[in-house]
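Naming follows writing order (A, B, C, D, E, F, G and H), and every chain is counted from residue 1.
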Amino acid sequence: LRSGFGEVVYCQGKSNEQLLRIYERLYEQDRNVLGTRASREQYELVKKYFPKVQYDSVSRILSIRSKEQEEYQLIGCIAVCTGGTSDIPVAEEAAQTAEFFGSQVLRIYDVGIAGLHRLLSKLDEIRSANCIIAVAGMEGALGGVIAGLVDKPVIAVPTSIGYGANFGGVSALLTMLNSCAEGLSVVNIDNGFGAGYLATQINRLACNK
Amino acid sequence: LRSGFGEVVYCQGKSNEQLLRIYERLYEQDRNVLGTRASREQYELVKKYFPKVQYDSVSRILSIRSKEQEEYQLIGCIAVCTGGTSDIPVAEEAAQTAEFFGSQVLRIYDVGIAGLHRLLSKLDEIRSANCIIAVAGMEGALGGVIAGLVDKPVIAVPTSIGYGANFGGVSALLTMLNSCAEGLSVVNIDNGFGAGYLATQINRLACNK
Amino acid sequence: LRSGFGEVVYCQGKSNEQLLRIYERLYEQDRNVLGTRASREQYELVKKYFPKVQYDSVSRILSIRSKEQEEYQLIGCIAVCTGGTSDIPVAEEAAQTAEFFGSQVLRIYDVGIAGLHRLLSKLDEIRSANCIIAVAGMEGALGGVIAGLVDKPVIAVPTSIGYGANFGGVSALLTMLNSCAEGLSVVNIDNGFGAGYLATQINRLACNK
Amino acid sequence: LRSGFGEVVYCQGKSNEQLLRIYERLYEQDRNVLGTRASREQYELVKKYFPKVQYDSVSRILSIRSKEQEEYQLIGCIAVCTGGTSDIPVAEEAAQTAEFFGSQVLRIYDVGIAGLHRLLSKLDEIRSANCIIAVAGMEGALGGVIAGLVDKPVIAVPTSIGYGANFGGVSALLTMLNSCAEGLSVVNIDNGFGAGYLATQINRLACNK
Amino acid sequence: LRSGFGEVVYCQGKSNEQLLRIYERLYEQDRNVLGTRASREQYELVKKYFPKVQYDSVSRILSIRSKEQEEYQLIGCIAVCTGGTSDIPVAEEAAQTAEFFGSQVLRIYDVGIAGLHRLLSKLDEIRSANCIIAVAGMEGALGGVIAGLVDKPVIAVPTSIGYGANFGGVSALLTMLNSCAEGLSVVNIDNGFGAGYLATQINRLACNK
Amino acid sequence: LRSGFGEVVYCQGKSNEQLLRIYERLYEQDRNVLGTRASREQYELVKKYFPKVQYDSVSRILSIRSKEQEEYQLIGCIAVCTGGTSDIPVAEEAAQTAEFFGSQVLRIYDVGIAGLHRLLSKLDEIRSANCIIAVAGMEGALGGVIAGLVDKPVIAVPTSIGYGANFGGVSALLTMLNSCAEGLSVVNIDNGFGAGYLATQINRLACNK
Amino acid sequence: LRSGFGEVVYCQGKSNEQLLRIYERLYEQDRNVLGTRASREQYELVKKYFPKVQYDSVSRILSIRSKEQEEYQLIGCIAVCTGGTSDIPVAEEAAQTAEFFGSQVLRIYDVGIAGLHRLLSKLDEIRSANCIIAVAGMEGALGGVIAGLVDKPVIAVPTSIGYGANFGGVSALLTMLNSCAEGLSVVNIDNGFGAGYLATQINRLACNK
Amino acid sequence: LRSGFGEVVYCQGKSNEQLLRIYERLYEQDRNVLGTRASREQYELVKKYFPKVQYDSVSRILSIRSKEQEEYQLIGCIAVCTGGTSDIPVAEEAAQTAEFFGSQVLRIYDVGIAGLHRLLSKLDEIRSANCIIAVAGMEGALGGVIAGLVDKPVIAVPTSIGYGANFGGVSALLTMLNSCAEGLSVVNIDNGFGAGYLATQINRLACNK
């Protein structure tokens, strides 16, 4: 995937010079570039030099697509679910990463377990995906509940949303790691990118690509 | 409750002499005695002197009932639910505590969220109770899921069941503390007694006793 | 309670658009809306569109009452106690949540255990409530002391008040979870809303509503 | 997968009666049964009643296969790697779970990063799998190193092997969660079963089953 | 104190040879020896060679007194209080250490905050001491409550008594460190010896010795 | 001490109104007032109304002395030591608290164990005190080293000075709690006030006041 | 080293007066001064009085060299490696400390294990050094991988780079402490100074200085 | 070092078959074998087949030396110091590892900081070594104190000795990581082997081998 599909840049904490140098090098090679955790300031800086760059302020993804990739068809299906509305930025990082690397994405947001009927009403859609990403903070039970209801791999993303004894996402992380539902694995707190990338690998396997 | 209904003894770690002295004093006063975390050895010791004593090896409760209490009618309703079968000892500590202090108890075991349909099929029964005790280890999501489905107070009891990153019950404890479902509160890990006692207080309020 | 009594919105972290959309939808349905953790800026925003909205800067509650609820009578009694003056914002979140959902509230503030006589002098009042909310930071012993003195359910709310080894409220949380007083349960650090809601459920049971 | 392929039983902590009752029920239905964390005593007990049962003392898996499954062909390929020899029991739990559910497994043990050349010499084999399971304790770097070298999903299983600041597997767990290599996800400490099950889901997607 | 009053030996984990060598050396010098955390086996071993040695199986103190010290008068007063009966071994380690080094000790056991009236009824006695040692596990609130009621230094000793979220004494330790009552300091979990020694230093200052 | 000597106010987090109300009430009674953790803004506010108020920007103590106390003689001796210069604010909180309540204080700063000779050269002075306060961050070994060298009570104050694995003072706190030197006790991280108050209690006992 | 080679000042948190006083004293003695964690403001302040002072904004080192040291030859060789570009500030603190105290430094940056080939291509250079400093955040596996490949002492410096379950550098710290590669030791999170100093001691031993 | 000097085997947890197979393979190659954490049972097993094997029950090292190594001269000097007598097993693991790999070792035991004069009286000896290993549990201050007094690399080994808030060695580990003395690095809790190996690398550099 990596070599064929583009480079990934973790923008947070990079100096302006570092960032420009990286985008320049990749641009010259007509490579795809996916920058994560980019600030609006970084976007405006990069845009001056590479007007083709695109920025999404929710996911904070800063991307350039090569000519080749622009014509790609999105394949298969990944479902991205969230417990609440506050989890959406992390979910969008996952969804847009998956789309950038060629996967079709189904967004199913705000279906947390405090109101279980909303989740249950979306079950058929969720089951149609090759892989599910479950994004949740606070108690983080969404991943386990979905994994108990579907037969496909579920990637759980704990978020740092919450307060008090959520300990910056640790509560959701532990919930997910300890789930007794089958077919669940976990990535780092708020790591939408990692989930989106892994889901794409799985989706591509399912599509035999 | 306390003064009128009997004395509670935490048996674990008490020496034989200490234990006998306590039961003797209470027996002479024809008091109810609820001993928790009692071993079979402690039971056999106490039984020699007070043949009336009763022991349940699952809940590890060692109890003596005064004449007065033997005739009591159980009132109201408390539902005690567990996620798995391993949580049953803690659930029984809760259930039998509640019964000892006069509450009717509905047991609904092994309805964890990995198989959600089993929980959903019991929902009407659960909703009929004045108060629900949700006992779960590992990811501990049961409490939040039930609280999201019913309108009554839910007391969540995390258990130490699990391994690895369950950290002896911390994972379930944090899940429960961070639940965004309304009407949920939490007691210490494996504290079935505390849940059963509190549920009785609530049940009695509901029955206006 | 939920369906009949109104919707709850966790305002913190919501964008302006999200917030307005939610209040608009609920307003149109003449629903009660209880917003928690709202900033003054959010209040001013919402007020422009829904002049009926009310804001309390201590509890940070942003509420709209439906016509129906405005005429409601407050019932029963919930006592809300704090250890210190710094715990008052969390206590007010609890108290005003309880009032919003129809409970009468008795405020007994600054009765921490470092000056026990003040607590003891209020004991009769506290005992008159159907349910007690004990809000305390630092060592957090208030909940256990009250539970030892009264026969009603006590909901302990640890706060993040303190410094050093309070670890953002963990010290008070652990104190409360480990209390050996009977009839105590715990909610998340600083979760006044959760305590107020649960207390209302209990209070309503006691009033047979 | 679940419904079609058999039932999973977590044997640890189950009483003899509970265990027999479960195996009996499933046996009567000619179902596949995969028991994990079974002791030799449990094996001998079950064997008395169901002589067909099989036990592996390294993985501690206690299994019964239905007539149907005995004729199944193993499909695709999952590579199971370990850092050291002490990680083998967890790896075998993963490998035998995957085989039980129909996957072909490639075992590549003792290729930890302290002697990197051994891992590098196996790279072509590893790359041929549809999915890789990386089992490691102590520093737990194996998962990240493999994920950096291959393009397929890597499931990292931290083990509790080590001493001192390994904190029962937490060090390896954190290493794996924080890996910046792409395509990595994590399951609970020592959870070989979970990894084997998930890998099978992925392998089956890749084989279009 | 140290040079003039004897040597302290931490017996736990010492081999038989090490222990005998130490007691021999000190005995020859007619020194006082206070051994803590001694097992009955260690006592029996030492007794064979030094019949004068004394052992208390609750405090696990193994002591030899020099001729000089046997005639000492105990001075001043230290109050040693416990929350429960399970805390008594730690309290006795403190009390007997203090007595060994020449302090008079007042024992006030089982006055935990779950039954506050018992503590309050002993207040005059407690106030008469020069220094108070408060020994408590679980929630550990005893130290802070006493410090709020008396004007003398209070040394709080958290114990490992409890279960679940007591984390081996951490809950009581944090409660005590975060107490907002004045005049409180803390020693290590279960460190009765340290508290008894320090209390003696303070008691001796108060007696101008 | 408390009743006779004045009131203590924890200023941090108090609103202007709360603060003024407290100072006003106490001023009217001609009471001593010791405010801790006061900001310069709070000082300027209080000063407007009570020009007699005094502020020290290092210790952040905001104090008013009654007529009576202004004429007090400082008695006895407390030594206040620090490991580094960054620990001085906490040390000054301790020292000025002790002085406010009538103790003479000896300041011995920057004598941390990385340069042991400096500490050793001050040993006679330190030994002359009735009680020693040892303030240190980072590794926090100062308390144990001093306690090993002197015969008087040592109160150890861990500070939050340091970075990385100091965890906001936890490293120093644990060092101090685990010291095997005799005569050491510990207060909360950065709690100079608590140490100064307790040292005064001990100093007064030594001076028979 | 210390006495002969200069004084070290930890600038962070020092007040302007403290800083100037220290530099003045050392300057008058024509001593080398190495200030770490200095801000640009501190640099500008010190420069006004001691124009010879030098500042590096990446390492944040603020240094003055005595006449004698300016003529020193750098000896031996220390390799400083980083996992990513974000680790460079810590690496530069290490490298410039080592250079200040007379060691030759080889910088090998951005050779983290997610792209192992880059590290392997530099192996000969790394092996030529007397001592290696491995600086890495997130999973922190770099230290162990290098120690497995070389025969010289490796000093691992965990950095606080990362997010979520990196816990401010704890994940990298634990990885490094648990490495099973031989010849590895660890310093505090972000402690480039400590690593650079220790590496110099080793390098000097190797050069027989 | 490794390739030229022998193989290291971590015996703990190895099965009898695994152990014998390893020793056999290495013996046939006339290699040096250093086994750590070996039990007496493992020793007796290996001895039956390889009578040349040697076992030390304090360090738990199980070693076989090749013909070549038996004639080696020990070179240079490493000082191994401990805080208490309970730390000796870990210290011996370090010392005997260093000796096995060819270093001369100076043992300086029981010089903990609670009795500082004992350490100071050994300072000249300690300073004569090329490298110092400081082994300490509980508060773990020994490493920092020595590093402050000598100019050579100090390797600090925290031990799990202690109780309560020592958290199995974490207190000593944190003390050592946070030391502000220069020239100190840390290995895992109880990792005597790692310290002995690293010290040998440094000692050999100093001897130009």
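The definition used in the following text is that contacts are C-beta pairs under 8 Å (C-beta built on N, C-alpha and C of every residue); 3 or more make two chains touch, one makes a residue touch a chain.
Just so it is clear, the model here is predicted, and its values are computed rather than measured.
Participant: Which chains lie in contact with each of chain C and chain D?
Facilitator: A, B
Participant: Approximately how many whole Å separate the CA-defined centres of chain F and chain G?
Facilitator: 36
Participant: What's the distance between the Cα centroids of chain D and chain E, rounded to whole Å?
Facilitator: Here the centre of chain E sits 51 Å away from the centre of chain D.
Participant: Report the inter-centroid distance (CA atoms only) between chain C and chain E in whole Å.
Facilitator: Going by mean C-alpha positions, chain C sits 42 Å from chain E.
Participant: Using mean C-alpha positions as chain centres, tell me how far chain E is from chain G in Å, no decimals.
Facilitator: Spacing between the chain centres: roughly 47 Å.
Participant: Among the residues of chain A, pick out those that touch two or more other chains and give their numbers.
Facilitator: Only 164-166, 170, 173, 177-178, 180, 182, 188-189 qualify.
Participant: Provide the full list of chain pairs in touch.
Facilitator: Result of the pairwise touch check is A-B, A-C, A-D, A-G, B-C, B-D, B-E, C-E, C-F, D-G, D-H, E-F, E-H, F-G, F-H, G-H.
Participant: Quick check on the complex: what are the chain E residues that touch chain C?
Facilitator: Contacts found on chain E: 83-84, 112-116, 138-141, 144-145, 147-149, 162, 164-167, 170-172, 174-182.
Participant: Note which residues of chain H are touching chain G in the complex, please.
Facilitator: Touching chain G from chain H are residues 1-2, 8, 10, 130-131, 151-153, 155, 173, 177-178, 180, 182-188, 194-195, 197-198, 201-202, 205-206, 208.
Participant: Of all residues in chain D, which touch chain B in the complex?
Facilitator: The touching residues are 13-14, 18, 158, 160, 168-170, 173, 188-191.
Participant: Can you list the chain D residues touching chain H in their complex?
Facilitator: Those in contact with chain H are residues 85-86, 161, 163-166.
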